[in-house]
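Right, one structure below, let's go through it.
Labels for the chains are A, B, C, D, E and F, by order of writing; each one numbers its residues from 1.
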Amino acid sequence: MTTWLPTLKTATPEEGYELAIKLARVAIKMTQPDVAVRDKLRPIYAEDADALIASSQVVATHFATVAAANGYWRETS
Amino acid sequence: MTTWLPTLKTATPEEGYELAIKLARVAIKMTQPDVAVRDKLRPIYAEDADALIASSQVVATHFATVAAANGYWRETS
Amino acid sequence: MTTWLPTLKTATPEEGYELAIKLARVAIKMTQPDVAVRDKLRPIYAEDADALIASSQVVATHFATVAAANGYWRETS
Amino acid sequence: MTTWLPTLKTATPEEGYELAIKLARVAIKMTQPDVAVRDKLRPIYAEDADALIASSQVVATHFATVAAANGYWRETS
Amino acid sequence: MTTWLPTLKTATPEEGYELAIKLARVAIKMTQPDVAVRDKLRPIYAEDADALIASSQVVATHFATVAAANGYWRETS
Amino acid sequence: MTTWLPTLKTATPEEGYELAIKLARVAIKMTQPDVAVRDKLRPIYAEDADALIASSQVVATHFATVAAANGYWRETS
């Protein structure tokens, strides 16, 4: 069985950021599993500044975790 | 007596994420113990983008804790 | 004189979670010391999804602190 | 000259919690230095569940800092 | 192929702060890729105190990560 | 060329707190560079309890970073 989250390790900071976005979205999917409802909500909050900023906050929290998990990619720089 | 939270250790990051979701939900259960009220609230906030994003933020905060508790599953990758 | 917070140490993760809930509630008591007002507010926010999620966020932040204070209960598992 | 914040060290976790409350309040005083305005706002937000929870969140964030600064009072327990 | 985030290392705290702002904005771009919609939203939230404060919160969270990644620029001071 | 943020080091916790306030404000300036608009917004949010609490939250997040950068000023106490 595959997993959507095999590891927190990523090759680069950019991939780490993409993982943070994924981590933010999966919680929404698990709370609202109905794809039709999510598809209906997306265009609404994507045009709402408050919702966009709140989403960015969730990404920031996950990015902190992913960055720590990768030792801040110190060897990459 | 059993406990709903015997440990923060999980075998994989994915299980850690599921634990984070559980940790987010238990606080709501403890503040609102009436399952009938919670069942009434769930479909409302599950169709509300702001509530979904706020829920995802709580999960992100708990995931940070669970990930740290597991040494970021560095050996799993 | 007794204290409501003698230590952040708890025997188990579950007790740590209960301490996090207590830590979240005490700040509210200190800002609103009137028990009559708090009793009036509780049923209102306990039926409000946004308030329940926000409460869960405060618990998550305190749980991170309590978990760190207990070395994530790594010996308990 | 005296300072309102000579140190983050406190003798006990409870005093650390009180310091966290102080840290949360000082930012409000610095943004709104007019005591008359603050006195007018206080009874309003003290009867508003959302504001009380948001205040508790600020305390939680500062408590995390104070607790870390005190090594989680591990020797106190 | 270039990357928008080659490293979390910056020469100075000020550059680290600028990187935190960038990290906050990219999540918004990824959720709302349509530049026309973003251009429409920007003047609205830039005149809204709540949105400005919420944006500043996201920057604060990312700055914590960037600062940790740079060992708090302790050698720079 | 001067910089507004040469270092995260401060002599005392109180100066660290003032730096946290500065860090919170600069993000707002960068998102809303027009001083006339900011001057118009300030009296509005300074009389709004929710905005004051949210501002205090941003300060708390930055203070955590500044405190960590200064080793919690352990030698100062």
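Criterion: a contact is a pair of C-beta atoms (placed from the backbone, for glycine too) under 8 Å apart; a residue touches a chain by one contact, two chains touch by 3 or more.
Bear in mind that the values here come from a model prediction, so they are computed numbers and not experimental data.
The set of chains touching chain A and also touching chain D is empty. Chains that count as touching both chain B and chain E, per the definition above, are A.
As for how the two copies chain A and chain E face one another, under half of their interface residue numbers coincide. Each chain gets a centre from the mean of its Cα atoms; for chain A and chain C, those two points are 27 Å apart. Distance from the chain E centre to the chain F centre is 16 Å, each centre being the mean of its Cα atoms. Annotation for chain B: residues 50, 54-55, 57, 61, 64, 68 touch two or more other chains. Arrangement of the chains shown, judged by which pairs touch: one closed cycle in which each chain has exactly two touching partners.
Round the ring, from chain A by way of chain E, the chains line up as A, E, F, D, C, B.
Contact residues on chain D toward chain C in their complex (touch as defined above): 12-14, 17, 21, 46-47, 49-50, 52-57, 59-61, 63-64, 67-68, 72-74, 76-77. Only residues 3-9, 23-28, 30-32, 37, 41, 44-45, 48, 50-51, 54-55, 57-58, 61-62, 64-65, 68-69 of chain C touch chain D when the two sit together in their complex.
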